[in-house]
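Both complexes below contain subunit A, partnered by subunit B and then by subunit C.
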Partner chain A sequence: MKFLPLIWAGIWRKPGRAVLTLLSVVNAFLLFGVLQGFASGLNHAVAETHADVLLTLSRISTEPLPVGQLDQIKRVQGVRATMPMVPVISTYRTPTQIVPAEAIDPAQVLAVDPGLTIPQAMIHALQRDRTGAIVSRVLANRFGWKVGDRVPLRALNVANRDGSPTWPVDIVGVFSSSGGTLFKNAMLINFDYVDQGRTTNGGTAPVFVVRIDDPHQAGPIAASIDKLFANSANETKTATVRQIAQNNLKQIGDIGLVINAIVAAVFFALLFLVGALMMQSVRERTPELAVLKTLGFTDGGLMGLILAESLTFCLVSAAIGLGLAAMLFPVARRLIGFNIQAGPLMLTGFALAIGLALISGLPPAIRAMRLQVVDALAGR
Partner chain B sequence: MNLIKQIWAVTAMNVRALPQRAGTSLVTVIGVATVIAVMVSLLAIGQGLLLSVGRNVRADDAVVLSSGTAASYMGSISRTAAAIIGDAPGVATDSAGRPMVSPEALVIVEVTKLNGDSANIGFAGVTPEGRVMNPSLHLIAGRRFRPAVRELIAGRSASGQYRNLKLGDHVTLRGTDWTVVGIFEDNGGQSENALIGDAETVMSAFGRGNFQMVNVRLQSPAAFTRFKDALTSNPQLSVEVRRTAEYTKEQLKPLTSIINFVGYFIGIVMAVGAAFGAVNTMYSAVDARVREIATLRAIGFGGTAVVVSVMVESLLLAIPGALLGVAIAWILFNGRAVSSLGLTFPLAVTPGLFELAIVWALAIGLIGGLAPSIRAANLPVATALRAT
Partner chain C sequence: MEALVGLKHVVKRYRRGRQVLEVLHNLDLEVAAGEFLALMGPSGSGKTTLLNLIGGLDRPTEGEVDVAGERIDQLSSGRLAAWRARHVGFVFQFYNLMPTLSAERNVELPLLLTSLSAAQRKQNVEAALALVGLTDWRKHKPNELSGGQQQRVAIARAIVADPTLLVCDEPTGDLDRETAEEVLGLLQQLNRGHGKTVIMVTHDPKAASFASRIVNLDKGALVPAPAMASI
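Now for the complex of A and B:
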């Protein structure tokens, strides 16, 4: 600890150079934090889904299933509640303002989604008003909606009876959602309103939500639901929300691999950057280091000193970069509802910083260690 | 003239001294190369997607969809409507005088990847006349499907990626059995990831009464408006008419804009880091030559010459970085096939991306050289000469 001032002075020997390198390294750790935070947010979103909620979809893509099938599903042993759901993907004022509206059955929605916390009164309000809609706090904040507003949704996938894509809805409630619900960022509207108002696919839904009693029975129950409709015109594919979320992520591609590749590339460049800084600094300090050796510093001690310098530098940069990234995490939660686990991410970040410091600090440290006092002082 | 000579002299001196500062100079080259390699690789995903989807699309191609459908496979166009579309003004005719329209019965079917995962691909039923529309499509193995029997031909990419789609295989699609009688190539287009069969057979097998979309070859790209107006004003039809090129681009827009956003975002953040590194390198380059620069100033070289020479050196370090970065991206990823959201396409490091890389590298070089070059020009000559 008593060497800390010496180490600190060594780092700030050329303040301009140190600050520039520091900014580079901080920048890299910020990028690392944001990318890994994104990956961890995705994983967390998958992990917090409920294991006792199944979705039944058409075996083929997004074709609608007749709601009559729900009666049969309800009779399957272990099924607690069912609900048809029609995603009405809509836009608000501009085509980029996406509103994920879900046409659902208000009487069943609390029964099928254990993660949803909506007061019973708000459910009643939705049931009373055919064109009613309740929206999540996230969505209400994004578009500045409040109770009583009339919102003309422009549906991308469901046409209204008059052939137009417009579905006017009235906001009757705003709900706060925690993690683990199907409807975290959604707007909920009445299934009946959409079903009776549309021109095609009446009496069908592309998604059935099925709540079961025992999460451990998810596999067998899903299999028996699919068996009910095997070889019929409307074959189904049932899986837990978690499995479907994992599958969807896989469909996009190996996100983790891409992120790791980018981080690896960035840190590869950093090795050279920090290495060059340390090497330059050691080279310029040759006489000073020789003096330290004359004063009694051992070879190992000098090597340790240089490594400690590199280590301090990298850890400070990492702390700043990761700190900046952590400041962005609450923003991510507010905007996209991402819950990022900062702890493990910070640990990986600091481990990377230590690795970076040791690898890039080693060549200059060895140079300092091998310094011959006589030669160095003579400027040879 | 004198200025140019001065710049040349100073720059030449700097460049000759580069090997002495190989270590720090290498930091800039590697920094820029990394930024460019990562950014170009990411953007190559979007480029590859656009290229592969747009490959076989011509400017005189149009597509007719039923109005108000989100995806082409959800549409519904009756045989009568298809006939009306064929007779519409502006439609090109083949040598026999038949209109060049290709109604398609489009069904999404579930297939199994080689690793056991399931995937959805398109199965298009085409009419006998419809096949003349796409001259780039040709069989590389087997034969054509016959009408009225459940035979299909599989695209080369689909055949390689999914189970039971090799020549001669039997495959069950939505509960019906089909025989793979041929494998086709389509100039690397997206249809290589699909299946093709006879329209009537496909419609009867999957219980469809209608086509889902109609592809049309127009007399000329300019005939589009005439064709579109004729169809949209016809009360018997309720259809949407689009240029195929625009339609496919629009369908892909959400995906490509996300990919590009990620590419540019990461590119910008990394470029900022690399610029700091470049500034550092150039500062030490100037530091190492304080006495030389002061000497030049003392014997009458102008400040501009010094500024320009430092900038040139910075750019000279950035450009090899860009070349190296593009080369790495090209060697590692160009042509490598990726699959995302049911599409399979090769990454493409295009000339456009190469230009972009050079522009970014120049920007990083300029930013990196600016402050150090000004400092070099403003060195107090007397003090600098005494520097050790």
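Now for the complex of A and C:
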């Protein structure tokens, strides 16, 4: 600690240059925090999905499946509960205000989504009110909704019988559920309301949610379900929610690889930036470093001093950058429901900062260590 | 009086490319403890080289350098650095202060290598600054101080760890006459009042007159006193 003023003074010797470099490094760590946070949020979201929830979809197209198939699925050994689901992709006031509404069977929703905690009274209220809707706290906060509000949803994929895309719903409850795989951040509306009110595809659903007893039996049960409808007009494809989420992510591309590549490129450039700053700083301070050696600082001590300077600079920059990124995590949770694990991310970030400091600080530190006092004092 | 510094048959050669320059030739010198020695001579005579050898900043090519009872020509780089911190205070012509540190932080630098507590370091720094008359300027950075004040900060830094020997390379070379005399008076006070042995390189006969002994160096060898007149 007693060397801190000396280290700090070394960093701020040229304040303008130090501030610009600091901003660059802060920016890099902010980028790292946000991108890695996004990646970890995605992975966490996938990991949070339950392996005992299956989704059954049409094997050959996006055509919906007749809800009559649910009776057969229910009879498959190991199936605990089933439910039809129609995603009603909607907007609210503007086209950018997307509302993830799901038309579901209120009587089955808690049975098919383990961990989802919605009070029974709220479920009953939804059952009583055909145009009722219950919304997650995340959505209610985002759009300022409260119980009693009438919300005119503008569906993008389901037309109303009157020819308009508008589906008015009445909010009868706002729920907060920390668990649940499918519905914890959604708006839930009655399947019957949508099914009876739409112009086409009555009596069908594009997705069946299937809850099973034993997650280890997911594969055989999915195969049994699909076998039931093999060679029929409505062949099915069943998989766990986790498998589907992973497949969807893979379709976008290897997000982790892309993010790591971006972060690696940024830090590679940063290595040169910080290295050049440190090298220039040491070169400019040659006489001062020679004086420190004159006063009794050893070669190793001087090397340590320069490395400590590099380390302090990088750690302070990382702390600011990662701190700013951490401030964005609650916003990400509120907007897209991502639950980002800040702890491991911070540890990785600081480890990266230490690596950056050591690699970029080593060449100037060695230069300082090898400094010949007599030559340096003589200006040679 | 007992010799604090003893040089025996010291030779110093430098290699400049293919050329080998012998800067000091078979030099013998003794400096007694408590002495104020002025080292004079023309440019290129080897004064600073000799001072560097005595201060443990450089090693002789041949010969022995004994300072404060230690054969410093035989010490490893690390031990030599520790020895310098303990035994020698340096004062340079251009002060060589850290521009980003305040006067008191500059003075504190040698104490960072000791095991003194923060409170003890502060106390020693205050005492050293008081001795050079700069207590009120302790928070100022070097660029806020005059040349004379900066040199006094450098002297405070040189004495703060209570070294046996003060090694001064042209300490008044960058100062006007009046300030130079103040600085020389301060060195004299440290020598007479505090028992510090001072070895000072100078071109200036007036500065040399503050010393208790003058040694003249010419072309890498000590020359008899009459050569003084020609300087």
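Definition applied: the second predicted complex is superposed on the first by the 375 of 380 C-alpha atoms of A that agree within 3 Å, B and C clash if a C-alpha of one lies under 4 Å from a C-alpha of the other, contacts with A are read in each partner's own complex, and residues count from 1 in each chain.
The criterion applied here is as follows: a residue touches a chain if its C-beta (ideal position, glycine included) is under 8 Å from a C-beta of that chain, and two chains touch if they have at least 3 such contacts.
The shown structure was predicted, so the numbers you read here are calculated from the model rather than taken from an experiment.
Participant: Scan A:176 for contacts with subunit B and subunit C and give back first, second, both or neither.
Facilitator: Neither partner.
Participant: Which partner does A:377 reach: the first (subunit B), the second (subunit C), both, or neither?
Facilitator: A:377 contacts subunit C only, not subunit B.
Participant: Does the superposition put A:269 against subunit B (first), subunit C (second), both, or neither?
Facilitator: After superposition on chain A, A:269 lies in contact with subunit B alone.
Participant: With the two complexes superposed on chain A, say which partner A:141 touches: subunit B (first), subunit C (second), both, or neither.
Facilitator: A:141 contacts neither subunit B nor subunit C.
Participant: Is A:97 touching anything from subunit B or subunit C once the two structures are fitted on A? First, second, both or neither.
Facilitator: neither
Participant: Between subunit B and subunit C, point out the one touching more subunit A residues.
Facilitator: For subunit A, the partner with the higher number of touched residues is B.
Participant: Output check: A:24 vs subunit B and subunit C. Expected answer is one of first, second, both, neither. What do you get?
Facilitator: Only subunit B; A:24 stays clear of subunit C.
Participant: Pick one for A:72: touches subunit B only (first), subunit C only (second), both, or neither.
Facilitator: After superposing on A, A:72 lies clear of both subunit B and subunit C.
Participant: Name, in rising order, each residue of subunit A that touches subunit B in their complex.
Facilitator: Per the touch definition, subunit A meets subunit B at residues 16-17, 20-21, 23-24, 27-28, 30-31, 34-35, 59-61, 63, 89, 156-157, 159, 163, 165, 199, 231, 233, 235, 247, 250-253, 262, 265-266, 268-269, 272-273, 276-277, 279-280.
Participant: Once bound in the complex, which stretches of subunit B touch subunit A?
Facilitator: 23-24, 26-27, 30-31, 33-35, 37-38, 67-68, 70, 73, 107-110, 117, 120, 174-175, 207, 238, 266, 269-270, 272-274, 276-277, 279-280, 283-284, 338-342
Participant: Write out the stretch or stretches of subunit C touching subunit A in their complex.
Facilitator: By the definition above, subunit C touches subunit A via 48, 52, 55, 57-58, 77-78, 81-82, 84-86, 90, 92, 96, 98-101, 105, 109-110, 112-113, 118, 121, 157.
Participant: Sort out for me which residues of subunit A touch subunit C in the complex.
Facilitator: So the residues of subunit A touching subunit C come out as 2-3, 5-6, 9-10, 12-13, 287-288, 291-301, 373-374, 377-378.
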